[in-house]
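Should a chain be cited, it is by its letter among A, B, C and D, assigned in written order, with residues numbered from 1 in that chain.
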Amino acid sequence: MDKTLSIDFKEEEITLTKEDQKLFQKLVEERKAKLAKGTIEDYLRMLDKMKELEKKGEIIIHHVHEEYQPRLVKTLSGRVKKIPTVELWQHKSCGQCGHIPGYISALYWIMNELNIPYVDDTNQTSCTAWNYYGSGTSNTIAITAVFLRNMHVAYEKNAYPLIHCGTSFGDYKECRYFVVMSDEIRNKVRAILKKIDRDIVIPEELVHYSEWLHVMRYEIAEKKKFDVSNIKVAVHAACHTYKLMSEDYTYDDNILNGIRPAPTSSIVLALGAKLVDYSTWYDCCGFGFRHILTEREISRSFAYFRKIKPVVEETQADVLITHDTGCVTTLDKSQVVPLAHGYKETIPVIADSQFAALAMGAHPFKICQLHWHIADWRNLLNKMGIDWQSAWEEYKKYIEELKKGAKPFLLIPPPRRLQPKIIRDKPVVI
Amino acid sequence: MTEDKKEKEEERKGKYIIEREYIEDERIIEPEKLDIGGIDASGRWGVIVLPRVISDFDHSLIEEVKKLPRGKHIERCWQCGLCTAVCPVAHKEPNFNPRYFIYIVKMGYKSEIKKLKKYIYLCQGCGLCTEVCPKHVDPSGVMMALNILFDKL
Amino acid sequence: MEGNKSILVIGAGPAGLQASKDIAEFGFRVVLVEKNSELGGAPIRWRYHTLAPDFVPTEKVLGPLIDFVKNNSLITVYTNSIVEGYERKDDFFKIRILNLRNKSISYENVSSVIVATGFEHYNASVDPRYGYGINPNVIGINELEIMISNGKVVRHDGKIPKRIGFILCVGSRDKATNPWCCTVCCGVSIKQAIEIKKIIPDSQIYIIYMDIRTIGLWEKLYWQSMENYHINYIRGRVGEIYWTGEKLLVKGEDTLVRGPFEALFDMIVLAVGMEPGEGTKQVAKVFGLRVNEYGFLSPRIPNIHYDSGKDGIFLAGACVAPMSVEEAIGEGSAAALQAIKYSMKRDRKVP
Amino acid sequence: MDSKFYLSRLNEDGWYYGGLPGLQWEVEQARKQNRELLKKIVDELYNDERFHEFYYACINCGNCTSVCPAFRFVDFEPRIVVQKIMHAKDEPELLYQMMDQYIWACYQCYSCWDVCPAHNNPGGLVLILKEIAVKNGLDSSKAALEPYSKIVYKIMTTGTQITPDMHTTIALFRDWGPHKAELAKNIRIDRKAVPVPSMNGVMDKSWKVDEQTMKELMLIHKEAGVWDSIKKTLKDVVDMIEETAREKGIKDG
C-alpha cells in the first residue's frame, strides 16, 4: 500500500500575552499542571479503591446526590468534582471561631440571603489537626477517627459536610487517603467508632467552603450592592487546601490559566474587583501551627517580610483576601510589631466570605465582625463606599442594648427540606 | 567549642527559639524598649527576625581573589570536596573547610564569611589539597589569598 | 582481484563483532584480528554479568554475535594477533598480521579497514589515594563484575562484606589523569550496587559521587536504586583509604550533609573510567591515524565518528570516545556500512 | 597520627562526622545520646504506616528547599531531612542530629510535597519525627511543648485551642498591641454580638460543643493511644486529661 504519508500541519496559533516574561512563567507552570506530580495518580487510585470498598460493603459513601443540587468543577488533574450547594453541614474551624468570628458569620449571612438551608451543629468537634501538625501530639488513628466521627454525624443529619478551615480540609484529604488505602488503619478506626455506635462513612467529595463560594459566585455577584471595580485585591491561597494532596482542589481554565487554585480569585473577579498578582503568591503565610502559638517572632517575621511587604510594595493592593483561619489571623495580627519597628507597609486582611458579604451590603460589624481585625480596614471601606462610621455607631448602640440584657440578633438558617436519616433519642453510653 | 557556647547561653538573644542554633545572631532584632500604642512589647514580644534570602550575587570578592597571586584559578572550582577530604585540619576542626571557603567567596556570602573567617588562619599550607585537586585550582594558594582578603573584610 | 571483496576489522569487541556480522551478512569476506585469545572485548574479558540499564545478560547481547562470527565461513578470525603493518596498493591494502604467540606472519589483501580496538579500564594503582593493589578489598568495577557473574561477592578473606562503598570518577574528570567523563561508570556502578543488594540483601551500600550522570533511559537505574534497593548516596570525594588491618577507613567530605567524614568500609569498589587501550595506540601508529589530546582516535569531523580522515579506513566504538556497549554496537554497524559502500565503489558497481 | 587515634573517634557503626561548617552542634548532640534510643527512633520511623507513602527516593534536586518557607528565615532544609532519613537505616546517629532542633523549624505547610519530583513528602516525614520525639519524651519535645501544654489539654478535651476566655487579660498575645487592650476589656460583650447561634456568647470554647461530643472526642483519643504516647513528654497534661475524662464519665482501662 503506497499511501502517501500525509502530515497535516495544524498551525497552532500562539497568543502571546502582552507581558512577555509572564509567558515564561506561564509555560513553566503549564508544565507543572500537566505533570502528574505529587500524589495525583495515587489520589485517583484511592478514589477508585473507595468505590470498590463501597461495592464490597466495607464502607458507606456519603454521595453528593441530586437533593444537594451539586455543581461540577474540575480539579488539578482534570477530574470532575461535584460541589454540593444546599443542605450543608457546617464544619466550623476552631481558630476562626476563637479569633475572627466574622468569617463564619459572613458566610452564614450570605447563605441566609441566598436561602441556602444548612445545619449549624453543636455536635461537631474540631478536626484537632492543630495538635497533629503543630506538636506531634496525635497520630493517624486518632485524627482519622475524629474525621469519620464528624462525617458520620453529618450523614446522620442527611446534610453534606462543608469544611470551613484549610487545615481541616487538607487533614481530611490525608485521613481519607489513609483510611481507604490502609486496611490496618481502617480496621483500627472502625473498632474505635464501634465503641461510640458509629460506622465508617466517607464523603464522596471533600468540599472546602471557598469551593462553595466559587460555584455560587454569580448568584452572589447578582446581589452586589457596592461597586468594587476600583478595589485592587491580592489573594493568598492557603497551603493545606491546594498543596496537601494537591489533586483535590478546584481549578478553572479561565481563572489564572487553570494553573493556580481558582476559588477565592474567582469570587473576587465575579464581584468585579481588580485581581493583582505578586511574586510570593506561592509562599506560606507563616502560620507554622506551632510557631503561631509558641514562637510568634518567626511567624510574624515571615508573614510580614514574605507576604505583607511584597504585596504592598509590588501591587499597592487595597486588601489581602484569603480563605483560611490560620492565614487571616497570622497575616492580620503580624503587622503590629513590624509597624512599631518602623516599617511602613500595611494592608487589611479579610476572608473571601467577608469581602463578598461587604459587597452585598452586610453590616460591617454586626455581620462581618471587622472589629476583630487589627490591620486598618477603614480606607478599604471608604473606597468601597461603605459608611462605616455610622455602622460603628449602630454597633456601639447594639452593644449597649446587649449590656442591658437585650436578646442578641442571631442568623437563623433557612428551614431544611431533607429529613435526617437517624435520630438519636438517647446518647450512646460510653 | 561547647564551653564557650555554655557561658554565652544566658544572655544570648532569642534563646527561647527552639531552632536557635540555625539563626545567625545579627538577624534577630530584640528591642529593649518597644511600646505599641501603650502596650509594652519589649523583650521577646517585640522580636522580629530578618530574612536570610539572598536577592543578589556579589562577585566583587572573587574578582579580588583572582587578582591575588595564588588565587588565580579559584573560578575553576566545581565544589567536589577533594580538598577538604584530604585536608588534615578539616578533619580536626570542621569549621575550617577549604571547599566551603571557596564556595562562600564565589557566592559572596558576607555573613558566612564573617562567621567563619576566624578559622582561616588554621591552614597549614601543607599543599595536599593542591596536589589532589582535579581542576588545578591550587586551593592551598587560594587559602593564602583568602587570609589576605578576610583581613580586609 | 579477490582483494576488493574482503574487509579488515581490527578488534573483536562489541563494535568489531557487529561490524563483522553485518559485512558477512552482506556477502563480503571479513578478516577479524583480535589481540586477546577470546572474542567479545571488554564485556567478555571482564565477564560483564548484565548490561545497564535493564539488566539484560551480556550473554544474550554478545553471545549471538560471537557464535555468528565463529561459525560464519566468510569470516577469518586471527586471535592473539595484531596488525603489524600494511602496504597501500592502488585499490587495496596488503595487511601484515603478526601472531603474538607463535610470532608467525600472515598476509591478507583487503579493500578497506575498520578500527574497533576499544578501551582499557583506568589502572587505579597509579593514584596513591586509594591504595588500589596495596589495600586488600579495594577492587575496580571490572573485577567486581567477575564476582557478580559468579554470584558471590566476598572479601579477600572469603567473608561476606556488610558495608560496601562505590567511589565514582576514579581516574576520570581529573586534570592529573584523564580529564574526561567516561559516561558509563555512574550507571554501571548503580547497576552493580543493585546486583550486590540482590546477592547480599542486608548489605549497606554507599555510592560516593560528584554528579550522578545516568543519562537518558539509564536514569531509572538511579531512582530504582533508591526506591527499591535503599542504596545510599554521598555527594563528595574520598581523600584517602587506610587499611586498619581488618577494615578500610575511608576519609572524605560529604558536601551536603555530613561535612568531613571517616567511615569503616568492608569493601571499596573504584569506578575506574575508560581510557584508550594499548591496541588503539598501536593501530594508530601502524596506520598513521590522528589521535586527539586525550589519546582517542580523532575522526576528521569530531561528530562523525566513522570517518577517520584517511581513505578506506573507518573507526568504530570506544577507540573514538568513551561509550556504552549499546553505542559501540551501533557504531559497529555504521562503520560496516561505510566500509561496504567504500569497497563496492572501488569495484565500480556503485556509480 | 597512628590509626588508633582515628579509630577511637568512630561511633559504634564505624562512622565519624565532622559536621558542615558552623553545624557541629547537632553532630556533638547526637554523639552524646545512647545507641538504643537512636535505633528505636529509626525503627519507629521506618515502621510507621505512613512512611512508605511519604518517602521514595531523593536525587538532591532541592525543589523542596526552594519552596520551603522555613528556609527563608532558618537554616532548615527539607532536602537534608530526606537525605538524613534515607541514610538513617544504616546510620541511626544521622537521624538523631535533627531531633533536637531541626524538625521543630518546619511549618508543616506541605509546599515540599507539592513540588517533589519523586513524590516524597518531607513535611510528613518531619511530622512523624515530631510524633516520635513526643512518644520518646525527648528533651526537645519537652522544651517545644512546654508553653503549648494548655493548648494540648484544651484540644484533647474540648477540641478547641486559644478560646475567648484566654483573651480577657493582656498577657496572652500582647504583641497585638492596643487592639488587645480593647479586646481584653469588652470581649465578653463582643462575643454576645456574634450572630452565629452556636457561637453566641460562648467564652470557654470556640462554639457550644455538646457534652456527648466532647466525651466521644476524649474516648477516641484514649482508644487511639494518644494519651499513652504523649505521657512521656506531657505527664501533667495527661493526668489533667484523664481526670477530666473521669469527671465526664469515661471509665479507665
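Methods note: a contact is a pair of C-beta atoms (placed from the backbone, for glycine too) under 8 Å apart; a residue touches a chain by one contact, two chains touch by 3 or more.
Note that the coordinates shown come from a computational prediction; the quantities given were computed from them, not determined experimentally.
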Chain whose averaged C-alpha position falls nearest the assembly-wide average: D
Winner on C-beta contact pairs when B-D is weighed against A-D: A-D
Approximate Å spacing (C-alpha centroids) for the pair subunit A, subunit C: 60
Centre distance in Å when subunit B and subunit D are each reduced to the mean of their C-alpha atoms: 31
Whole-Å gap between the CA centroids of subunit A and subunit D: 24
Where subunit C and subunit D are represented by their mean Cα positions, the distance between them in whole Å: 53
Per-residue overlap in subunit A, given as positions that touch at least 2 other chains: 296, 298, 300-301, 306, 336-337, 340
Touching two or more other chains - residues of subunit B: 18, 36, 41, 45-46, 49, 51, 90-91, 94, 97
Numbers and ranges of subunit D residues touching at least 2 other chains: 18-21, 23-24, 72-74, 104, 144, 175, 177
Chains grouped in pairs wherever the two touch, ordered by label: A-B, A-D, B-C, B-D, C-D
Subunit B-touching residues of subunit C, taken from the complex the two chains share: 129, 173-176, 179, 210, 235-240, 251-255, 259-260, 262
Subunit B to subunit A touching residues, read off their complex: 14, 16-18, 28-29, 31, 34-36, 41, 44-51
Of subunit A, residues touching subunit D in the complex: 37-39, 42, 92-99, 101, 104-105, 108-109, 120-126, 128, 130-142, 145-146, 149, 170, 177-178, 181-182, 184-185, 188, 191-192, 195-196, 239-240, 242-244, 246, 282-284, 286-291, 293-294, 296, 298, 300-302, 306, 333, 336-337, 340, 365-367, 369, 371-372, 374, 395, 398-399, 402-403, 408-412, 427-428, 430
Contact set on subunit D toward subunit A in their complex: 49-50, 53, 67, 69-70, 72-74, 104, 107-111, 113-117, 119, 127, 129-134, 141, 144-145, 147-148, 151-152, 155-156, 159-164, 173, 175-177, 179, 183, 186, 189-201, 206-210, 212-217, 219-221, 223-226, 229-230, 233-234, 249-251
Complex contacts: residues of subunit C adjacent to subunit D: 163, 204, 212, 222-223, 226-227, 230, 232-233, 235, 242, 244-245, 247, 249, 254, 256-264
